[in-house]
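You will see two complexes here that share chain A, one where it goes with chain B and one where it goes with chain C.
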Partner chain A sequence: MEKEFSYVILDSGRAVVNGRSLEHEQTGNAMLAELYRAHIGDWPKFFKMDTLSKAGFVASELLFKETGETRCGQDEFTAHRAVVLFGTTASLCADTNYQETISDRDNYYPSPALFVYTLPNIVTGEIAIRGHFRGETSFYVVERPDAAQMAFHIACAFDDDVTDSVLAGWVDSRRNDDFQTFFTLVERGALEGLEDRIRTIMNNLNI
Partner chain B sequence: MERLIQCMADNVVSPLGLDSAANYESVKAGKSGLSRYGSMGNVRTPFTLSRMDRGVLDDACRSLGIPTDRYTFFEKMLLASSVQAVENAGIDASSPRVLFVVSTTKGNVSLLGEAQDFPRERVLLGVAARQVSDYFGNPNSPLVVCNACISGVCAQIEAMRAIRSGRYDCAVVVGADEQSPFIISGFLSFKAISDDFCRPFDSERRGLNLGECAATVVLKAADSVPDGCWQLVAGAIRNDANHISGPSRTGEGSYLALKEMLRFCTPDDLAFVNVHGTATAYNDEMESIALSRAGLSDVPVTGLKGYYGHTMGAAGIMESVLSMYAVKDHTVLATRGFARQGTSCPVSVSPELRRTDGRQFIKLLSGFGGCNAALLYRLNGLW
Partner chain C sequence: MEEMILKLKQEIIEVLNLEDVQPDDINNDAPLFGEGLGLDSIDALELIVLMEKNYGIKLQDPAKGKEIFKSVNVMADYIQKNRTK
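Right after this comes the complex of A and B.
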């Protein structure tokens, strides 16, 4: 029997888990907080994150909830999980927010808490910390969403012998309250059809 | 048969020189690109920086036939380096069998803070990278590796994998970053910057210096790597899963990445480990723990930040290239700024040049997001 693949889609007004819409009243960042409270709730670091990390964190948590995974990476399997994410705008939202803090000489207040999120790979670190994943974490910036390109580089992650599974996804945020993300879990040996699967999910996400 | 990965050509463009050999000779002679600055834009706190002279870069571009008004500083750095490396490699970079991999942390971010002579979309890293692949007429969508300070090592690892897969025969891996008030103010806000010359692994170290550089390696598939040529043997990326802006107390990710490299070599095979060595209290301490846990306390360790500062997207590539030149020259480069051991685990670091007959080295990096990466290069045959 062909294995069912789980995926999560989140954008500014939508939360979809395996084709099933999750209830929410808010949109944008408020929706992420609402989903966090309803489905996660035990990771207060969430509130310190920027939009990109919040979206990635919530999407990954919803995915693990759906797959019924016990978190913690104490077992060898998840300890060697890779987190491989893609996007086109990278940290543009955080960059723009940080730039505002240094543009005005009379109102100059650069903050390390904002600056750290101007690195788009921070979202991979946030997810690795939560799941105790000590495998590879990578953030790739691409010109545009391209299922073939993504599937190719996800497959490349298995070139590392210890990588048993890859938490793969797309995260983009141009400005606060505006984000698009999807996540899926790819296991070693289960790469067949990955490109089509990503294409279907991306069509659904309208990116 | 598994495809081997050969390094065909390299280049480094920096304040210390416009090609790899000039850079190596400068570093071997003990020269540093670092200078003290009192301010930059709205940044009013003193800092020390290795800054690329804009006029020198423009002259270099003109002599290479690169139009200087069409590209940003960041793009000109990428082009000045990659054009030279591609020429030396003798490859057809317009082939669909060639992949461009760009390593950077912030690319054209300075466009956010300046009156813009360039379209705003150039702040998007994929669009900036396309300027480079388009220059060579390459049809593939370029891949940008944006993994904070470890990007340059990750970019080489991903290029290696892309070639091994058989889809590409060759990869041009180029990295650079521009040091603008954006990045300098950010690191200052972290209190990670020293206003004085950085002192990697030293007991008096007080923080890092930033620097500007561009570096390129051209990697190619090979059935066998000829004598006297470089092979990229292996690479690994590992996360501490500990903290987004502080290194692990146990050096977890760096230790795991080093351990992975030791599947392909023994400590005795190594000429040296070229470390990150940023000269922040936490980074160098963490690296000393990781090296010790991996059983590498006696292997010579060398760091280049005292010559270049932290060149971010270029660091993993430039430091690999300089390490190749050093191994061929039977030399462990001096760690400029180091005087007295200042980490809890002893490592074999020295302010002097040392001799080596080793023919392999490990390049190690770590960065924000808890990421760590290592790769192993081997010089083949007798030389």
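Right after this comes the complex of A and C.
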């Protein structure tokens, strides 16, 4: 039986939670900061994150707020949550920002704070740390969005007989201020129709 | 020295992306790590880069940072005594 499912869509000029648009005046990274201040506000580390992690972090927090999880990971259910994300450009945006700090021989100051984000799976860690999730965390770098492939890997996360839910979705950032994000929560036993739901939302994301 | 401390606080806020922190929020004698600003090990590395980039101070022994980054006052004092630019 198909269960009601919640989702969040964020891109450079749009924030949508279960079909409702959230108010914002800014776009790009400034929009993420605006949403953080309006709806989250208690995790200053947000400002140190790269665009990929900021987009993933804000999307996950908006989703948990929608599903009524004010503080995740405090009970056994959310502690057994996995985080499974997908994207095409991996950490390209952070890689480019970091490269700029080492491209000039006369101004060669590699930034440690930028370097730590030069792996795409850092976003999964940021979310898991915040939520105290102790399940599997994965970031699949894929050639193109593929709902069947995404649904397959999300389903695989339940094979361990421990995972109760999966925070799943798409997060991609080619450049600063340019990102596409779709997050949803999938519970054990609610996989029916998942591929179609993912396909419908992803078509809406204009990737 | 006061001017130097204010400039240093502004630089710290900028390089560590302490978005909602103002220079006045940083107590000159408060520890930068642990409590206080809640900085972490990556922030310590950024402060080492800041000292080299802005003041020409190359810390040969990163462990020394623990002493130098005790507070803004201690850091400013160290910079003033060791700066090459």
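Descriptive notes on the structure:
One rule holds for everything that comes next: the second predicted complex is superposed on the first by the 203 of 207 C-alpha atoms of A that agree within 3 Å, B and C clash if a C-alpha of one lies under 4 Å from a C-alpha of the other, contacts with A are read in each partner's own complex, and residues count from 1 in each chain.
Just so it is clear, a residue touches a chain if its C-beta (ideal position, glycine included) is under 8 Å from a C-beta of that chain, and two chains touch if they have at least 3 such contacts.
None of these values were measured; they are calculated from a predicted model.
When the shared chain is aligned, chain C comes close enough to touch A:47, but chain B does not. Looking at the shared chain after the overlay, A:33 reaches chain C, while chain B stays out of its contact range.
By the document's definition of touching, of the two partners only chain B reaches A:119; chain C does not.
When the two complexes are overlaid on their common chain A, residue A:92 makes contact with chain B while staying clear of chain C. In the superposition on chain A, A:160 contacts chain B only, with no contact to chain C.
Among chain B and chain C, the chain that touches a larger number of residues in chain A is B. By the touch criterion defined above, A:139 lies against chain B but remains apart from chain C after alignment on the C-alpha atoms of chain A. Contact with both chain B and chain C is seen for A:111 once the two complexes are overlaid on the shared chain.
According to the touch criterion, the shared surface of chain A, contacted by chain B in one complex and chain C in the other, consists of residues 110-112, 116.
Touching chain B in their complex are the following residues of chain A: 73, 83, 88-90, 92, 95-96, 98-99, 102-105, 108, 110-112, 115-116, 118-122, 124-126, 128-129, 131-144, 146, 149, 152-153, 155-157, 159-160, 162. On the chain A side of its complex with chain C, the touching residues are 33, 44, 47-48, 109-113, 116.
Interface residues of chain C, counted against chain A in their complex, comprise 15-20, 38, 42-43, 45-46, 49, 52-53. Residues 41-43, 105-106, 109, 112-113, 123-127, 129-130, 141-148, 154, 158, 160-162, 164-165, 167, 181-182, 185-190, 236-245, 252-253, 256, 260, 367-371 of chain B are the ones touching chain A in the complex.
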